[in-house]
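When the chains are written out, they are named A, B, C and D in that same order, and each has its own residue count from 1.
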Amino acid sequence: MNVLIYNEYCHEREPGAAQETYPNGIHAAIAAFLSKEPDMRVRTVTLENVSEGITAETLRDTDVLLWWGHMRHGEVPDPVAELVQEAVLNGMGAVFLHSAHKSKPFMRLMGTSCSLIWRESGDMERVWVSAPYHPVAAGLGPYFELPADETYGEPFGVPTPDETVFIGWFTGGEVFRSGCAWQRGWGKVFYFQPGHETFPVYYDPNVQRVILNAVRWAKPDRRTENCMDCPNPPKAHTGRI
Amino acid sequence: MNVLIYNEYCHEREPGAAQETYPNGIHAAIAAFLSKEPDMRVRTVTLENVSEGITAETLRDTDVLLWWGHMRHGEVPDPVAELVQEAVLNGMGAVFLHSAHKSKPFMRLMGTSCSLIWRESGDMERVWVSAPYHPVAAGLGPYFELPADETYGEPFGVPTPDETVFIGWFTGGEVFRSGCAWQRGWGKVFYFQPGHETFPVYYDPNVQRVILNAVRWAKPDRRTENCMDCPNPPKAHTGRI
Amino acid sequence: MNVLIYNEYCHEREPGAAQETYPNGIHAAIAAFLSKEPDMRVRTVTLENVSEGITAETLRDTDVLLWWGHMRHGEVPDPVAELVQEAVLNGMGAVFLHSAHKSKPFMRLMGTSCSLIWRESGDMERVWVSAPYHPVAAGLGPYFELPADETYGEPFGVPTPDETVFIGWFTGGEVFRSGCAWQRGWGKVFYFQPGHETFPVYYDPNVQRVILNAVRWAKPDRRTENCMDCPNPPKAHTGRI
Amino acid sequence: MNVLIYNEYCHEREPGAAQETYPNGIHAAIAAFLSKEPDMRVRTVTLENVSEGITAETLRDTDVLLWWGHMRHGEVPDPVAELVQEAVLNGMGAVFLHSAHKSKPFMRLMGTSCSLIWRESGDMERVWVSAPYHPVAAGLGPYFELPADETYGEPFGVPTPDETVFIGWFTGGEVFRSGCAWQRGWGKVFYFQPGHETFPVYYDPNVQRVILNAVRWAKPDRRTENCMDCPNPPKAHTGRI
């Protein structure tokens, strides 16, 4: 299967915690563990080359797209966001990570504010599995912990998820629907909250397990090419009518 | 309560069946029966003056917006569509009629293709009530019939509705989820399929009953002003922790 | 409107914290604040007289039923549980409180395990509003706190709620979908987690506000009498077919 | 995978159309086409031996259970229905066929009336695919037709399905959500409407395709054994709190 990782790749090129944590970028950290899967071909794209890397052609050749962005959501061109949205509606899977809740493609697919409350106080997070039967929760215990993460809190401005797979608990007193699944058109969409750029969250084995599970879950069995069309079929003979 | 009706108002100004059926426009036909309600103040806006008629101010003063459009969806300015979307997310109700399934505000709120199949063969439609308990179905029997309507058929490319209130049956052999309800942010959204411009559907007492019910159902009890914000609250004291 | 409160009323008749906290029973504490509403007629029933107090007749005369039970769920007769289930399906509202998650009527209406994890360690609970637009959340801030409550934790074995209105955060590290709404047949169902018998939770103003909101939200506009029937209508003339 | 087919097997043992159509019973007709799948081991059980054929042990050894019943729903012992319900909640898949909408296990899992309207007038049915992306719809066109079937009509008294995969259109003027999917606990549940005992519906290639798809879709990846339990874990250390 073909996996494409989009990472804005801005925080990690500025001196500081993000660069120290992800010296080659968050996309590289994610690609590293996904690439170990024998059946996965992983490619990456960053904001710098987003218009060349995300095209109708590359998306047609992508089973699942992962998306990480934060400070420059607005610089992703609208036509790129629209291509991603249509590709999902035609069947491509999509996994949105952490601050991608305000990315253009996610907001287009949800249709809502995608707002939340947040705080950078290095809270410990305990991620509870609220849907243990869900494929994205396979191999996890009742919960797992992250020693430090950015705090995200409710209310999360999304349409009621088809399934809420994880609910996060933060030492600072917040809760968050940290893993949410939606069907949109022919495509599967997953949102996963952990993952701030200044914490080594993407090196955590449980987080890696969730992302791997989400990619496998979002992979389409079948896809279409023309979900945006409104066909005008003739009246079909209805037998005995 | 304040009701605002948007109608594209193009079909009805060209000679032909639409003009004969709705000589003053579909918006006038809808305004006529809604205005009989003592508690409703009804205003209308058409494509010609959409940028003046649909503003942050007029929407703040609108409890429920109805939307009819078809041939010129693309001419509604994006900022207007965005204002409508945000007003709904902040609590304004919205009722989308017939071919508004491909209008910009509806597509933004759904995030999906909103596609369907269609045919103009004057099929009789029988509209079944699939959720008789729903407020939008109040006062109706098990079904009602429209002697002629444009045929819309599945698959309807929308997120699974919170509730499917009506399912339409057409003599030509199609079925359609003709009445669908969604919560989006603080706002309630209803889609109602009957209503082609060349048939006198909006004079039908059952259709009028549904639209009136939908307007009352979509009226917000409360609304917010800042659903798009992502607040950054300090850590609150959590008592015994 | 007519409100009926069922309380098992066993804990509170044994010496100890429950009796000290609710000397006249939890039902009396809830009846006390609901009865202040001018439009509410409140009656109560306990396990002792459940078969006389909950009948087809009393339920037909009940707009909303509240249910509290814990140690003697099994002693509620099956026919009583069935009557409650059918009354809800015919339109009566129902609000299930705390340990009523394992009551017979709630389990019948959900069809699932209704299981959860729990601990009596007097954790502080912070109840977050995850659906601030919902009528049951009216008048609340972003969250409210209970100094001590029994801890309930995910996974909560219920069908995906139509809306998750509250999510609870506990000092002990758990999270729970503390306020959940479902439509079942013609009836509205709400589950609200706070409320252990040994803590003065039902005297808390925010808890009282939620219960009052839930009762008003669950009140039916209309109800039916025969939702269990499967009618066998003749073929209706379909006009032009 | 292990498939277990329950068929009441009463209609087919009385002289008449059912016997002529399914001389060895509906279960035999379904087993015949499922057994052709190399990976499927198919067993059957009828009302006569239901208490021996459906036990905790046989269900533990069953990936997916199919259920057909009609005139003797009431004779299925409650403990058997309860075993089936718990097996589904623990992960076993279940496919309910046609008149099984009023079977004990289906009604327990739904919690609602499961009512509908019906008529035996041999209407032609056109089954529309409303969720073409769904695994149960794989290999089908936009719709398929059955020359004659019992008519089922809305309203269908079930909780809003997670996904409505098929909507049926009948020449007599009815519509019905003919294919519905729900997650219940760890298990997947599918309801499929076609299949009256006096029509050769189960020999239809499209119907066989749907049933085969539904069985494969409902097969659990993982299952649990104790979903009914409410564990009482100690307070876990939460690191930095």
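Assume contacts are C-beta pairs under 8 Å (C-beta built on N, C-alpha and C of every residue); 3 or more make two chains touch, one makes a residue touch a chain.
Since we're looking at a predicted model, the values are computed, not measured.
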| item | value |
| --- | --- |
| Each chain counted as touching subunit A and subunit B at once | C, D |
| Interface numbering overlap (same over half, different under half) for subunit B and subunit D | same |
| Superposing rotation of subunit C relative to subunit D, computed on C-alpha atoms, to nearest 5° | 180 |
| Separation of mean Cα positions, subunit C and subunit B [Å, integer] | 34 |
| Inter-chain centre distance, subunit A versus subunit C - centres from mean C-alpha coordinates, in Å | 36 |
| Junction residues of subunit C, two or more chains touched | 117, 126, 132, 142, 153, 160, 162-163, 171, 173, 183, 185, 233, 238, 241 |
| In the complex with subunit C, residue positions of subunit B that touch it | 91, 124, 126, 132-133, 135, 138, 142, 145, 147, 162-163, 171, 183, 185-187, 220-222, 224, 233, 238-241 |
| Complex interface listing, subunit C residues touching subunit A | 117, 126, 128-132, 142, 153-156, 160-164, 167-169, 173-175, 177, 241 |
| Residues of subunit A touching subunit B in the complex | 85, 89, 102, 108-113, 115-119, 121, 123, 153, 157, 159-160, 162, 171-173, 182-185, 227-236, 238, 241 |
